[in-house]
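The two complexes that follow have subunit A in common; it is paired with subunit B in the first and with subunit C in the second.
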Partner chain A sequence: MPSEQDLSADVVIVGSGVAGSSIANELVRAGISVIVLEAGPRVDRQHFVENFRNLENKPSYQGPFPSVPWALHPPNQITPNDYLHTTGPDAEAYQQVYLRMMGGTTWHWAGCAWRYLPSDFELKTRYGQGRDWALKYDDLEPFYYQAEVMMGVCGPDPAREDLGSPRRQPYPMEALPISYAAQQFRKLISEKTPYRVVHEPQARNTRPYDNRPTCEGHNNCMPICPIGAMYNGSYSVYHAEAAGARFVPNAVVYKIERDSANKRVTAVHYYDPDKGSHRVTGKYFVIAAHCIETAKLLLVSADEQSPDGIANSSGHVGRNMMDHTGVQVTFISGDKALWPGRGPLETNVIDNFRDGSWRNERGAYLVHMVDDNQVDLATALAISKGYVGRELEEQIRYLASHTVRLFSHNEGLADPENRLTLSSTHKDMLGIPHPEVYYKLPEYTVKSCEHTRGLFRELIGLMHGTDEQWTPGYFPQDHPAGSTIMGTDPKDSVVDGFCRTHDHENLFIASSSVFSSVGTGNITLTVAALALRVADTLKKELSHA
Partner chain B sequence: MPDVARKILWPALGAGAMLAALSTAPARADEPSAELLARGKYVATAGDCIACHTRPGGQPFAGGLSITTPMGDIISTNITPDPDHGIGKYTLQDFEKSVRHGVRRDGSRLYPAMPYVSYSGMTDDDVTALYTWFMHDVKPVAETPPATSLNFPANLRITMAIWNLVAGESEPETGDAATFDKLRRGKYLAHALEHCGTCHTPRNVMLSEKTDSYLAGASLLGWYAPDITSSKTTGIGDWSEDDLVAYLRTGHVDGLSQAAGPMGEVIEHSSSHLTDEDLHALAAYILQVPAKEDDGEHPARARAGQALDTPDIRSGELTRIDNLNPMDGKGVYDANCASCHGDNGAGTGDHYVPSLFHNAVVGSGHPDNLIMTVLEGVNRTANGVHAYMPGFDGKSDVQRLSNAEIAAVVNYVTATFGNGDHGVTAEQVGAQRVQTPKTP
Partner chain C sequence: MAADRSCSSTRIHLATPNSMRMAQALRMSRRDMLLGAMGLATVAVGANPGLAATVDEDTVAPLFLALSKRLTDRETLNPQISQALYAGIIHAVPERRDQIGKLHALMESGNFSSARALATAAEHADPVFKDVIHEIMTGWYRGVADQKVVVYRSALMFDITSDAIYPKTYAAGGPFYWTKTPPEVAVPTGEPALSPSKFVVEPT
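This part shows the complex of A and B:
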């Protein structure tokens, strides 16, 4: 471990996920020195693949990733757990999961790489709901493309399938081939409904790309792509390290130090796993530590100068917690067998409800037809029906091939009452409080979910479905956003349109925590695009310095 | 390794050498026929000039590729028609002398990394066509690659003249090579153009190909160019002509073998572009090359092994995310290989991912190519298919394996699917790892 004096760089980044590592890679290649502090450890794919093979509960996304005690992450989804405490009427709908380790949570995403719609950035102006962002789609478009190239995104030809987000360039890779189940589903939707199913853009190789192989359809993108065909943040970590960026694992940042005027950040302090404290100085600082951990860090760092936490003169740090809280159902199709579970997990989306004039009263949503292997669910169902012996085997085969799983991403809305605070009862081994979130689903989202349930019932009817199993209440989508919300007014927002904190001129935030609205598409590509825009801003400022 | 070269070449220096002064005449600037240009391009492809004369990411034929030899690194030259940096000032006679006799326009000797000993068998017509195509259709590139600097005494180009006296040259074929009968055409392709022996024939102490061991197998930059004689065990005597044609066209034959490394490049740049007729001629000729030895004590390279029956190779343990402990061979296989090659080693149903049993690379007595494949992966495009496997060396984004892990997994794979555990050590993997290209 170097002495404290050694720990200094032009830019200090907290968090090594897609946001932090991609900023590091951009900066270091422009000749700017970078230190990235990661709370979790350095990791190896092979151990996760082996963990996944050994795991009994295969659909457990967090299962292969048992956390280290100095950087806890939630052990499982939906169910209450010992780390992320949730309260409020819809507490269970905010049981998000994420990973604290080198490369971040994209180790177990499904690769869905949506751009937001232009309207998503102007929700207030267009529909009188929620908030506008302090930037427009066109400001982000070049960075969306840069992020798509960085991650290796495949998608449909816009001339044939326009996803509503204008593009200046085609996708870096051709869209995925359509699985058998998806073909059947597409046919049904196009023939019997006014809706459409589109190719989901995916950060997944449809040809060898960036020294990684083509997707083989192992069907376990979550919890772990076993061959590296899907992008995750570790590739940006490797690229940045190869170019000279320095990554420090097991560095749990707990304090953000400012100058006497409280205008500039001068250092961050971190604990190693033995609670040895280290100080890291720099010219610029970027917090890129995931929506929940970023807000937690700003609040934990409260001191006499900033008693409510860093960058929190507005009081909005930790507020406006959003997600794509949705609805989920599985059922047994009475029509032809679909044989789901061959190919990537999420490739087909009904996108008719991503935008419309009705957004003035209810939230938008998109629907995934999830193409995952259903043998677990089919087996449980067949046993519950009392089958044994050969009949059991036949039933499992029948049910597994006829199961349909649908879930939705429904648009959340920024509500200051939905708030992350520090737990007063739970602390980790370093003495840092656990995060706690109060969550009440906004009426806007409730109405959206009701509409989705109606659509699901329509589809179940069309497919002569039986054995419906609705996930009780609402379904968390692990797309938390809003905890350091973006806006033009420093009185009711935390960062400006460039993700710079209103309060501290050299402190930036790169995370879904800056989202002013949450739209419907998965958040990662927008996180990456915002991060690359932060890198662009820093490059310009440091080259003029 | 430089010591070897020193030992070999030093005594030869005393012998002296004479370089014949050849008169030259400027080339005619007539517009060449489309047929002549097409033929020249085909000869350049069959001779695989681009393989050595283009660096990764560089302009075609502009040189700059570093070729490791026992004498040191040789850097290929610019052979585009640029007058100052390339061969733009070469007359046909100059060109002929360098291609067939290894003598540059300035009279100095080429290093024998240039396979002029093979090219010396080219017909006059093909040399003319090749020259015409280079001068006419190759884009001039105004850049000079770094100069080669070899260890003494090989750094003295005069040494090469002596080497050349010992190495000898072939008599050029005569007549119209397009009209040769099948075996003569095949021999012409194998010797004069594709120069198979450059890699596949072991060399004597003078680094010349051993004529009595033609195509019997030799080491090459960490890889092993295997025995491709008609030996039914160590060679490819059990392959059909169609098998070999398919291999040379696509780089892959189900249940036999697949190409990676230098052979993958040969297939990508050269043999996959040959005509059907030429591929059959080449295959027919190769398949009748006499076996050097046929011990018959073990199954043929590509016939070894079988699928593992319902294996469960899981470790059974769930470990914390900070576990970076090295894995044993079975564990490395389960976590890194089984996803594509199957826990039973059978590969994929469409054979895009090959089976590990009935696979000449795994069944070989030389584990070199299996080690190199794990280190470097496979990256070969031929016949419209991009065959790709990630490498697992220190540059891998998928998984970086240690020397000990690679040794363990190679031993697991050969023991389980091939001809037994070869006892590969971490040191052996380390020695091969240094042969892999450096990060650009």
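This part shows the complex of A and C:
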């Protein structure tokens, strides 16, 4: 297929998820021309909703989002995987899933919109572990608020429930009223333990907001909110397009071209699904393609000028892979019926272990009591136990109303040995190698998980739990981070505190790949805040130009 | 409940996939197409000599409905859903047609006053009936046959929990309905009819 005439814009963005689309929206509204290149297709919400309803395996978060051959994403968290190949002693703990399609992976997030704690940015200074970021919490605070307004985040009044991340303004929307199940859990924790259950800040409407409706509690935030009450990246895409940004779907970027001095990026090249190659020029470039794909693209673009990959003079592109590792237990409560699954999926958190002096030796964590509809699981379970007829119906009601699931986000730690490389054995239809990740759980994270198991045992006892079933090993929480790590020293980091690559003055990265530590809260709000800070920098530089 | 709490064969913790890859390897591939009841009613049921050309003409199909009523302890069940479930079950495993006929004959030969009584006798008579009954229960209660969704909202699991909870994506209680107190549920006293089976959760 012949190449079209070169495309050009002031700013060229690779990736249309929450990071890329929100930058596009900010820039285009400031009069800056923007092209966003998205590897995957454009698909509407109702298509995903229909896919979900027809899916036999309802818990499959990737199920409603099949990938296209030119923009593969992991089909599931199974090791070995058809796309993301993980190796090493804890390969299974890094079998992440994500989406390559217009709007990005927030199509199937749960809307949990945590700010990181000030200490998360200073892990090395405060606790002697991991690394510090090249920015402080206060640098990001205004952008956290901007991201909360953009997404529409509801959360508690800090005067009544301080989540530990200082705020200059209240949340854009009042906290979501928690379900009966969460109320009972919160009461138990409050009365019987020294811990507390807090409202989880969520990008979910507690009133009509941004032309989207109030949450109706369909309990399907993952894999797909059926009514758009929960924010996802597609809404920023729509806003940016309405303001004049150009989004190109099915545009798989495979090369980053630089000038002869290797200091400035001059163009990116993408393949269309027929492998026709296209060149897109610009003044600034932002790679916002998810932690895994961003590092992959920088490595794939290696050439004579940069034999180890773009922006990789430090050798740290693809290193320091982090995640929130999960511990999970499911049991049958011996107390009153809770009927989890009425309302949104994740609404409440035990936050006592997000920070403490013990972080000098073990990682932090937070705990979710999952508010997931357990009717289908209860039914399959009761059938497997041999019940039929009337007795089966009794069992389904009992199990569906008494099943409790707890899971945690345990803090990972930057380790250069945990590394993403290009597969030498697998390529996609365009000839682009699949990503491969070596992963060994940091001891810091293992100790954190052990502490979590102790807490879970305590909670099971308090709830008179039976049929206690622990998910074996460790599992990924799909919050990958660190592959283009931030730092002040170009020798051991890829980007600076403004997410600008040390090596190329007009190349920025907007992704969790820049995280220097991973804290405990879900990563998306921090990704969005960093992206909006990139947009702010670009607006300033382009207006001066 | 006391009896099943100690059931060691259940694996409800296997809700993350890495633990389940072996299970997945044993599963049939899934198709993501919804089987509409009307469409299935005219689907050819197989090329075996002696089989009817369509489920509509299949003489075992009405027996499946009668058998389903006994095994669910219900007097009425939706005949269209019955046709679709039957078609899915015999499509996945053609031998099920004959087995369903025999299970129906067993039911007719005795005076079984409950699903439990029939299921217990059936497994005793032939262990394969346990699989047949599992598939019938999975069909009616989960709305799934042949690894496909036949019905979602109309699956009986949602009928029997409709006073407390909605099927995912079909909530109709209005904003914040979830704050209200749901119904209490007594500890069940009934016993299982069949021997327990390994529980397989599919990957996320």
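Operating definition for what follows: the second predicted complex is superposed on the first by the 534 of 545 C-alpha atoms of A that agree within 3 Å, B and C clash if a C-alpha of one lies under 4 Å from a C-alpha of the other, contacts with A are read in each partner's own complex, and residues count from 1 in each chain.
Note that contacts are C-beta pairs under 8 Å (C-beta built on N, C-alpha and C of every residue); 3 or more make two chains touch, one makes a residue touch a chain.
Worth saying up front: this structure is predicted, and the values here are computed from it rather than measured.
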For A:Gln95, using the defined touch cut-off, is the partner it touches subunit B, subunit C, both, or neither? Pick first, second, both or neither. second
With both complexes superposed on chain A, which partner does A:Ala337 reach: first (subunit B), second (subunit C), both or neither? second
So, A:Pro226: does it touch subunit B (first), subunit C (second), both, or neither? both
Just to be sure I read the superposition right, which of the two partners does A:Tyr238 touch: subunit B = first, subunit C = second, or both, or neither? first
Considering only the touch criterion stated at the top, classify A:Asp162 as touching first (subunit B), second (subunit C), both, or neither. neither
Is it subunit B or subunit C that touches the larger share of residues in subunit A? C
Figure out whether A:Val49 sits in contact with subunit B (first) or subunit C (second), or with both, or with neither. both
Quick one: classify A:Asp259 as touching subunit B (first), subunit C (second), both or neither. neither
Is A:Ser67 contacted by the first partner subunit B, the second partner subunit C, both or neither? first
Looking at A:Thr214, would you say it contacts subunit B, subunit C, both, or neither? Reply first, second, both or neither. both
Would you mind listing the overlap between the subunit B footprint and the subunit C footprint on subunit A? 49, 51, 53-55, 63, 66, 214, 216, 218, 226
What part of subunit A is in contact with subunit C in the complex they form? 49, 51-63, 66, 76-79, 92, 95, 97, 177-180, 183, 206, 214-220, 224, 226, 326, 328-330, 332, 336-339, 341-343, 373, 375-381, 383-398, 400-403, 405, 466-467, 469-473, 475
Using the touch definition from the top, list the residues of subunit C that touch subunit A in their complex. 1, 4-5, 7, 9-21, 24, 30, 32-34, 70-73, 114-116, 118-119, 133-134, 137-138, 141-142, 144, 147-149, 152, 155-158, 160-161, 164-171, 173-199, 201-204
Contacting residues of subunit A [partner subunit B, same complex]: 40-51, 53-55, 63-68, 99, 101, 207-208, 210-214, 216, 218, 226-228, 234-235, 238-239, 242, 250
For subunit B, which residues count as touching subunit A in their complex? 314-324, 327, 331-332, 334-336, 339-340, 348, 353, 379, 386, 388-391, 395-400, 439
